[in-house]
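Paired with chain B in one complex and with chain C in the other, chain A is shared by the two complexes that follow.
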Partner chain A sequence: MSKAFQIALGIVTSIGGFLEAGSIATSAQAGARFGFRLLWAVALGTLCLIFLVEMSGRLAAVSGHTIAGAMRERFGSNFFLVPLATVALVSVLVLGAEIGGVCVALQLATGVAFQWWALPVMLLVWALLWRGSFGLIEEGVSLLGLVTVAFLVAAIRLHPPVAEVARGLLPRLPEHDGGRYWFLAVSILGASLTPYVFYFYSSGALEDEWSEDDLGLNRTVATLGMSFGGVLAGAVLVVAAVVFLPRGVQIESYDQVALLLVDAFGRAGFWLFVAALGIACLGAALEIALALAYMVAQGFGWNWGENLKPREAARFSTTYTLALVLATGLVVVGIDPLQLTNVSMVLSAATLPVATVPFLVLMNDPDYVGTHANGPVGNAVVMFVVVLACVLALVSLPLQLAGGG
Partner chain B sequence: MRRAGPFLAAVFLALAGCGGGTLETASQTAALASWAASADMMAEAWLAGAAPRAYTMRALRGVGDAVSARRRQLDDRPAGVESDIAGVAGRLQSAVAELREAVAGADRGRAGALRERVRAERRALTAARGTGP
Partner chain C sequence: MLRLAHDVLDAQLVDRQGRRCGKVDGIVLERDRDGRLRVVALEVGALTLARRLHPRLGAWLGRRRRRAGPVTPGAFRIPWAKVRRIERNEIRVDLDATATPLWSLERWLAERIIARLPGGG
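For the complex of A and B:
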């Protein structure tokens, strides 16, 4: 495979795999309630994600370790249990939100309640993981995910006021509903920075057998792929601001979000949204289940790999199976998928330091990254955003729970 | 000062309670106006052929349930502005339920008329937000 093709494929899969239930729901809620004012949160989250993804690819390419494997080796098994338990808990919740997203898409398409779809969707995800290869998951589903480019096309077709959109990139204090504003800001950050993304990326780099020769590819894919992905999340916010805000619709359910693309595409808009939500959430569910199994298997030193037959990595396969069962249980009992998404995104933000600080230590350790250690800018940006997201989550979650709104 | 402490605390709590109630009513009114706008948008999409009937019926039932929940919360509050808003919420709930029936029967003419009723209740709620508590 030529380098140029590899880069193009990497960027395309990053774009196709960027949007998921969290980024669609939080961006739509933010746009409907506060117009373009929370675009800065999308931009900040994307910037931080570019750094984190690039770092995780660099760690894998240089050291031959995944984040989880290196963390366990560097800090010991007992310490590793803390990030493992934290990331696993958040990942199961996010996995529940993604499975819920696929079920909601099917509910929108058929009118049959989302709970009824939980089991078939779980079986579909499980079968794809059980029978599929890493290439199928990484490229196949992400390529289908390019349908999410519809949000960008919609944003262009709706002609939003460019100056106002640009002003949204600058953080400003809210004029009303402060509690809700910060809750949505931290939800957006949590959606952008869910740890499974960079944990998955480092495992993927090893599945693809990256070496130091691939550092350029890694940097290009991380920067361009994540940037374009961030543009898509921003487009969801912009479309929601143009479509919902003037009508006074505040998003409290996926049934409302379903009409997001109707103004831009007419009859096709509803079905484009259904396809985008379903495919994006299906891709994310596959990646999260895999990321969780990678982390557990690497942490305990088990055989792992999506390219291995399930019997060759039995505990790895059992882990994603159990994760799917647990996450599906959240949907079956009828927890509202949008609320599950919001809570899991804020928890993701609140626990970011646990998942990222040990990773940053690794990225500054010459034993792992040799001469490719982090520069001061990368360290500073990631620390700033991670601490900001955590503090905002710890402050806004109780306020939101107390105030409802 | 020691005697005044509990009294001041009670006054503070009472004021906070009143303020909380006012804010709560404003928040309920805003949420009801948002649900009315949602029902309007759903009906508009169905009438334009941009949303399937199964979705529209289910979504309108969701709107009806949400309006009903907000209305119950308003009914639990003492009479006053809240009862006026609860009245609007009751009319909105009934209009949404009838709109859902019209969609179920694919009766576009009736659905169009009921959409106008939903819009009228939405205007009433928006006005209540502007002049209300």
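For the complex of A and C:
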């Protein structure tokens, strides 16, 4: 495979894989309520994600370790249980939100209530993992995920006021509804930085057998792929600001979000949204289920790999199967997918230090990354955003639950 | 110089056929006649992990083990002599993991659960 093709492929998969239930829902709610004002949260989350993804690929390429494997080795089995339990809990909730997202897309398309779709969707995700290879999942679903570029096209078609959009990139204090503002800010950070993304990336790098020669490729793919992905999440926010804010639409369910693209594309906009939501969430569900199984298997040293047959990696395959069953349960019992998404994104933000600080320690340990250790900028950006997200989450979650925003 | 806790404990184990077959959950030391400590074996299994987490948890699991089966937590010992190579990201051991208790849960799941699901055979 030529270098240029590899880079293009990596970027395409990152774009196709970036948007999921969390970023679509949180950006749409933020735009509807606060116009362009929360755009800075999308930008900050994306910047931090670029650093984390680049680090994850670098760890795998230089040390031959995944994040989970290295954490277990460096900090021991007792400590490892803390990030394992935390990330697993958050991932199951987020997985539930993604399965819920696919179900909502099907509900919008057919009129049949989302709960009824939970089991068929689970079986589809499971069958793709059970029979598919890593390449099929990464490339196939991500290529389909390019339909999410529709959000960017819509944002351009609607001619938003450029100066105001640019001002949104600067953090400002809210003029009204402070509690809601910070809650949405932290939801956006949580949605950009869900740990499965960078945990998954290091496993993917090992599945693709990266070495130190791939460090340049890693840097390019992480930077461009995540930037484009962030632009798409920003586009969702901009479109929501143009379409929903003037009409005073308060988003309380996915049904309302479904009209997001109608102004830009007419009736086809509805179907574009359905396709984008369904495919983006399906892709994310596949990645999260895999990421969880990777983490458990790597932590306990089991045979793992999406290219192995299920019986060759029995504990690994059983783990993603169980994760899917648990997450689907959340949807079957009828928890509102939008609420589930919001809560899991804030929880993801609140637990970020547990998932990232040990990882940062690894990225500064010459035993693992040799001369390719982190620079001060990478360390500072990640620490700053992670601590900010965690503090905001811990402050705003009780406020949100108490006051209802 | 080999640093046991640093280079060996919690490292990935790989068997003769290149299968990932667990982490070094524990290290068994023995005092010889001169009073020097000597590594006898590596220990792998959920029971070892439980003992590391808390001795009481280990003891409780140990008592339950009498009703042994494929999914009961174990503590399998790999003699130090079986260690072939200690690499930066894995330890290669001269074993066929599938012939040891390291593989009992894996085999049980593969035969009892996965083989019965469509596409698992």
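Convention: the second predicted complex is superposed on the first by the 405 of 405 C-alpha atoms of A that agree within 3 Å, B and C clash if a C-alpha of one lies under 4 Å from a C-alpha of the other, contacts with A are read in each partner's own complex, and residues count from 1 in each chain.
The rule is simple: a residue touches a chain if its C-beta (ideal position, glycine included) is under 8 Å from a C-beta of that chain, and two chains touch if they have at least 3 such contacts.
The structure displayed is predicted, hence computed values, not measured ones.
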What does the overlay on chain A give for chain B and chain C, a clash or a fit? fit
Who does A:108 touch here: chain B (first), chain C (second), both, or neither? first
By the touch definition at the top of the document, which applies to A:255: first (chain B), second (chain C), both, or neither? first
Given the touch rule stated above, what does A:245 touch, chain B (first), chain C (second), both, or neither? neither
For the overlay on chain A, what angle lies at chain A between chain B and chain C, C-alpha centres, nearest 10°? 130
Per the contact definition in the header, classify A:270: touching chain B only (first), chain C only (second), both, or neither. first
Tell me the contact category for A:153 with respect to chain B and chain C: first, second, both or neither. neither
Determine, under the contact definition given at the top, whether A:81 touches first (chain B), second (chain C), both, or neither. second
Nearest approach of chain B to chain C by C-alpha atoms in the superposition, in Å, rounded to an integer. 35
Chain C-contacting residues of chain A that also contact chain B: none
Residue numbers on chain C that touch chain A, as the complex places them: 6, 9-13, 19-23, 25, 44, 49, 52-53, 88-89, 105-107, 109-110, 113-115, 117, 119-121
How about chain A: which of its residues touch chain C in the complex? 63-65, 69, 72-74, 76-78, 81, 127, 130-131, 299-304, 310-311, 314-315, 317-318, 367
Touching residues on chain B, where the partner in the complex is chain A: 27, 30-31, 33-34, 37-38, 40-42, 45, 48-52, 54-55, 57-59, 62-63, 66, 122, 126
Please name which positions on chain A make contact with chain B in the complex. 107-111, 247-250, 252-253, 255-256, 258-259, 262, 266-267, 269-270, 404-405
